[in-house]
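There are structures below to look over.
Two complexes follow with chain A in common, the first pairing it with chain B and the second with chain C.
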Partner chain A sequence: MRYETPETAKAAAKLLLGAKGPAKILAGGTDLLVQLRSGMKPPGLVVDIKHIPAMCAIKKERGGFRIGAAVPSAEMGEHAGLGKAWPGVVEAAGLIGSTQVQGRATVAGNLCNASPAADSVPAMVAAGAVARIVGPRKRRDIPVEKIATGPGKTSLKKGELVESIFLPKRPPRSGDAYLRFIPRTEMDIAAASAGVSLTLDRKGVCIDARVALGAVGPRVILVKRAAKALIGTRLEDVMGVLAEFGDALSDYQNICAAAARPIDDKRGTKEFRTHVVGVLARRAALIAYQRAGGK
Partner chain B sequence: MTDRGATMTKRKFKVVGTRPLRPDGVDKVTGRARFGADISAPGMLHALILRSPHAHARIKSIDTSRAVKLPGVKAVVTRDDFKLPQREDLVDICRNVMAREKALYDGHAVAAVAAVSKAVAREALKRIKVEYKVLPHVTDVDAAMKPRAPILHRGLRTQGVEPKPDKASNVAERHEFGHGDVEKGFAEADIVIERSFKTEATHQGYIEPHACLASMGTDGQGDLWCCTQGHFMVRNVCAGLLGMEVSRLRVTASEIGGGFGGKTTVFIEPVALALSRKAGRPVKLVMSRDEVFRASGPTSSSSTDVKIGMDKNGRITAAEAVLRYQGGAFPGSPVQFGAMTAFACYDLANVRTVGYDVVTNRPKQAAYRAPGAPMAAFAIESVIDELAKKIGMDPLEFRLLNAARQGTKSSYGPTFGPIGLEATLKESKSHPHHLAPLGPNQGRGVACGFWFNFGGQTCVSLNISEDGTVCLSEGNPDIGGSRASMCLMAAEELGVPYEKVRTIIADTSALGYNEVTDGSRVTFAVGMATIKAARQAIEIMCARAAKIWDIPVEAVVWEDGYAKPAGANAGTFEPMSLAEIAESAASTGGPIAGHSEADADGAGVSFATHMVDVEVDPDTGKVTVLRYTVFQDAGKAVHPAYVEGQFQGGAAQGVGWAINEEYIYGEDGRLQNAGFLDYRIPVAPDLPMIDTVILEIPNPGHPYGVRGVGETSIVPPLAAIANAVSAAAGVRLTHLPMSPPRVLKAMMENEA
Partner chain C sequence: MSSVAVSTTVNGDAVEVLCDTDETLLDVLRDRLDMTGTKEGCGTGDCGACSVMLDGRLVCSCLVLGVEAEGREVETIEGMAEGEKLHPLQQKFLEHAALQCGVCTPGFLVAAKALLEVNDDPSESEVRYWLAGNLCRCTGYDKIVRAVLDTAKDMRSA
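Then we have the complex of A and B:
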């Protein structure tokens, strides 16, 4: 196993392109090292990206935030500006593994590991995050929901890696939230999850929304119909008074549940995940609404 | 935390009952303590075990030739390296340690390799070719009892039924207990409730995986270091399996990172010894977590039917239970204990329990803290809760009305002496927890539990050193604070400070046979032996003082660490301290020591009542434990902090068992969740602070009144939590664990 520590993103891409056989990127290592210890065939090449300065920083850019691919989630949690703009994304990153794991784990790694249950991904999808991909020749930007194509699989081509994740500038009166369901209180993997991002007008009416569901399909599901159900409403109308606005409530929750394509496995039954992902989407929307200043 | 006195007059203690620092604490927090995998030897090899991927398969052939040829491989063993032992009690252990004709569960050992490194051993495992013929399998207890179920053992005939069956089945044995006339009792009942319950298999969840270092000499002498609850048992079993004379094998117990009953048998130790014998070098063998789950000894899953009848005043007229426990691939599930303990908390005129011990394609179960009792208590105490609610009676009141007390003929035979069940019930009734209000979606549950406790063969040696300090050698690995308790009891008896006594766990060549650390026996039985050994040493010290003073030995008494003249007639001598007598030992007759070798009888039974508040999320079925209080009789709490720890530990493991822990098997009979990620023991924030109330109703069978406390504490939680969840969810939960999908489904079906 060859271990390399390139100092530029281009050099990393070149190493990956030149690799004979499987190559792996090492950011925090919280997936890769565990996989190696549990009997995975060692790759021929491991490229450690923590020596690339640009990948180790959070930068403000055009009113948004660019998060380097090697930035651990603990650093995201300590960044005041980021937490204020995107509390849902930061909370999601703060749910990965344990406190110790968060000292190493990165959201870019979480994204590229391509687990359907990855905690940070529904939050980033809801946030409209954009991944910057660097290849041997050029860079390109694509929405994060286009990275994972299925469990453990990504759309990245040979020689490509994620350099950073960009969270765009927030319009005023915006808020986001992420919730997951786990049977215990921590140190667990989501059985279902939901990320919601909202923007309100001055009257508290929702004018923009993105709703993403995790762990209920082979990849994170962006539910446009659910967003539509929220847009044009004050959420208290949709969520609050069950008796009067029962249809609107069940609309949103049912749309989310109906969009879920879960499997039966040791972490939950199909019917359980379907029901619970709707519950989480409802609860996350309420939190996002409050964060956006809605009352 | 409160210590409440009982009515009996009690001895005034000076040291026993205090809370000094644990003697193993510093080693454990600094990393100096040596656990099973910390023991190494020069020239040591690393071993790995190849395990069956099939739940049930005939092993047609095992070809190890390519593994043996790999450079760095020093030994390979298979079934051919283990002769089936003559001793009948070792045959199943031998078959479990290394599969023979058939692999009987996913994870069953098939071959093992010792090599110069783990990497080489891993590569060697890949080169072993095993040809299997996969057979139909069964992992569920009820399915295994069906007429056309796949049969594990063609030769198995159900014991305990008349006439003796002539056909093989998966039912190894039927047990029956009880007295009175159950049919008559049900006829007298005004209300009868019948329910069926299921519990899934759980693992003890000890943090330290099984680990050992084996070293066999060419002269046939061997040494073994391992983490175990009983190194004398390990020695005897391994010697039996390897055809060695018992005294040729010396076993040293390492520090132990949890056992809870799961380390009362052997899995890897005979394999390591066989590899070492073949390789002529020391061999270290350490299980991975995956192996611990697949191939050590979890507890049984169970299926139980309960029927209880009462008159309109709430007095039980008859009680009956049929319990079916699967114990994995070999007979020996703890269903007998389940059937014995099921109704032990009640004073019943008519009672009958029947237990079926069933084999399935799962790892052979091992003991887990009060083996068999928690599942039985879950079923019985759930119905008791329902009966109380049916007539609008407080469940504690209902239990008090029917509680076993001194003189009650127990459901399993013996008549109880002084017991503490009523005391725990009364204490819980007046506790602030019982009076606290509950919020929406919250429920409170109570349940009682019983465990026999055990004594057994015990041998200790207590040596007085020349500077007046004391060394106590005992033969039981310390899994729950026994070293501290032994130091306290020796100090109490000798009249010296706690700090002057050091207790160590001696190896198998240093002491006579000691039974395994199980049955909550150690503080009771080893404590009794320690007290006796101390008294023997005191006699010797009195004799030495008598010799120095030149007075008859009868004229010397021992008080607070000093030999004193018995009275004015004995003469006036300055009292001699233990240290002074010890210092002069060389000139008064040589070393001073006390010993005790005995089969300890008189272990007092113990009872507990648990009270728990939970909240159930109506949208997700998730259960949160809000408040928990344990009320238990300890007889006499030697080290109250450790006793509280035992109470809390039992409750914590019970919370896991009740809410999330379960062995999940796929259609293919393979274990789906062989790791702590998906086998969910509680993490710290899953638990509230578990409050404890120690009651002390002295056990007449122990000089200080001690009763075992380690196991009773896991008996009531499953039921107490189920009663609380059922109250909060508005529907009776009858299947453990009460995981969110199960609770949500029950609530939704109840609404519909």
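Then we have the complex of A and C:
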């Protein structure tokens, strides 16, 4: 296993392109080292991106934030401005593993590992985050939901890597939230999850929304119909207490549950996940609404 | 096998070590540097027994490659006491009987020290969440949590 520490993104891309056999990017290593340990054939080349200065920083850009692909989630939690603008995304990154794991784990790694249960991804999809991809010749920007194509698979081509994730500028009266259900209270993998981002007008009416579901399909599901059900309302539909208990489910919650395509596994049955993802989406919408200043 | 010479700093001392590119920092510490205070519980990031500080951040050394330590600063449990003088956390762990078999203890100590460096007055739930990545099969955690809270209290009044 050859280990390289390039100092520019282009150099990293060139190393990947020139590799004869399998090559892997190393960010925080919290997935990669576990995979190596569990018997994955060591790649011929490992490219550590933590020596590329631009990838190690969180920068303000056009009113939004550019998060370098090597920034650990702990650093996102310590960044005051980021947490204010995008509390849901920071919350989601703060749920990845333990304190120790967060000292290393990156959201770009979470995205590129392409686990359907990755915590930061539904929050980033709801946020409308854009991944900047760098290849040996050029850069391109694509929405994060276009990266994972299925469990463990991405749309990145040979020689390409994620350089940064961009979270756009927030209009006034916006809020986001992320919730997951895990069988334990800490250190577990989501059985279902939901990220919601909203913008309100001066009267508290929702004028923009994005809703993303995690762990209930081979990849994160962006539910446009659910967003439509919120837009134009003050979220009256999802406020009722009865909505928790089955018979009076809100339209929004039903739409989310209907969009889920979960599997049965040790963390939950299909029926359970389908129901829970609707509940989570409803609660996340309410939190996002309050954060946006709605009452 | 590709061996690489790595220059790093461990507990303030400059160290040169030859290691394979696929060896973890945990293996380098234990097998190459004979620093066996850092323990291996799982090797997959779940138990925290291998906790060390890397450039001031708490990490699992089983999830770091040895070669990644090049040019960086590593702090381990061996650097915690000053000679014979125990760190207050170590002293309190003894007083509270916060250890039995002791395999988890170095990890808990390193992790708890990192917590008190960023938060000198943690609540019980903050201690429990911070240490959620450190597993103990013996104590039931309560004595560990008491020891950490008690240390924080003493260190604040010191």
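Worth pointing out:
Here is the rule we go by: the second predicted complex is superposed on the first by the 282 of 295 C-alpha atoms of A that agree within 3 Å, B and C clash if a C-alpha of one lies under 4 Å from a C-alpha of the other, contacts with A are read in each partner's own complex, and residues count from 1 in each chain.
Quick note on the criterion: a contact is a pair of C-beta atoms (placed from the backbone, for glycine too) under 8 Å apart; a residue touches a chain by one contact, two chains touch by 3 or more.
Owing to the predicted nature of the structure, the values given are computational and were not obtained by experimental measurement.
Once the two structures are superposed, chain B and chain C can be ranked by residues of chain A touched, with C on top. In the superposed model, A:99 lies in contact with chain C only, and not with chain B.
Look at A:272: by the touch rule set out above, it reaches chain B but stays clear of chain C. In the superposition on chain A, A:46 makes contact with chain C only, not with chain B. In the superposition on chain A, A:26 contacts chain C only, with no contact to chain B.
Looking at the shared chain after the overlay, A:187 reaches both chain B and chain C. In the superposed pair of complexes, A:1 makes contact with chain C only, with no contact to chain B.
The contact surfaces that chain B and chain C form on chain A in the two complexes overlap at residues 38, 186-187. Residues of chain C that touch chain A in their complex: 2, 4, 21-22, 24, 43-46, 48, 51, 54, 57-60, 62-65, 67-68, 70, 111, 114-115, 129-134.
On the side of chain B, the complex with chain A involves touching residues 122, 290, 619-622, 659-660, 664, 672-673, 677-678, 680, 682-683, 685-686, 739-741, 744-745, 748. Interface residues of chain A facing chain B in the complex, by the touch rule stated above, are 38-39, 181, 183-189, 191, 265-269, 271-272, 275-276, 279.
Remark: chain A residues 1-3, 5, 26, 28-30, 33-34, 36-38, 42, 46, 48, 50, 72, 74, 97-101, 103-104, 186-187 touch chain C in the complex.
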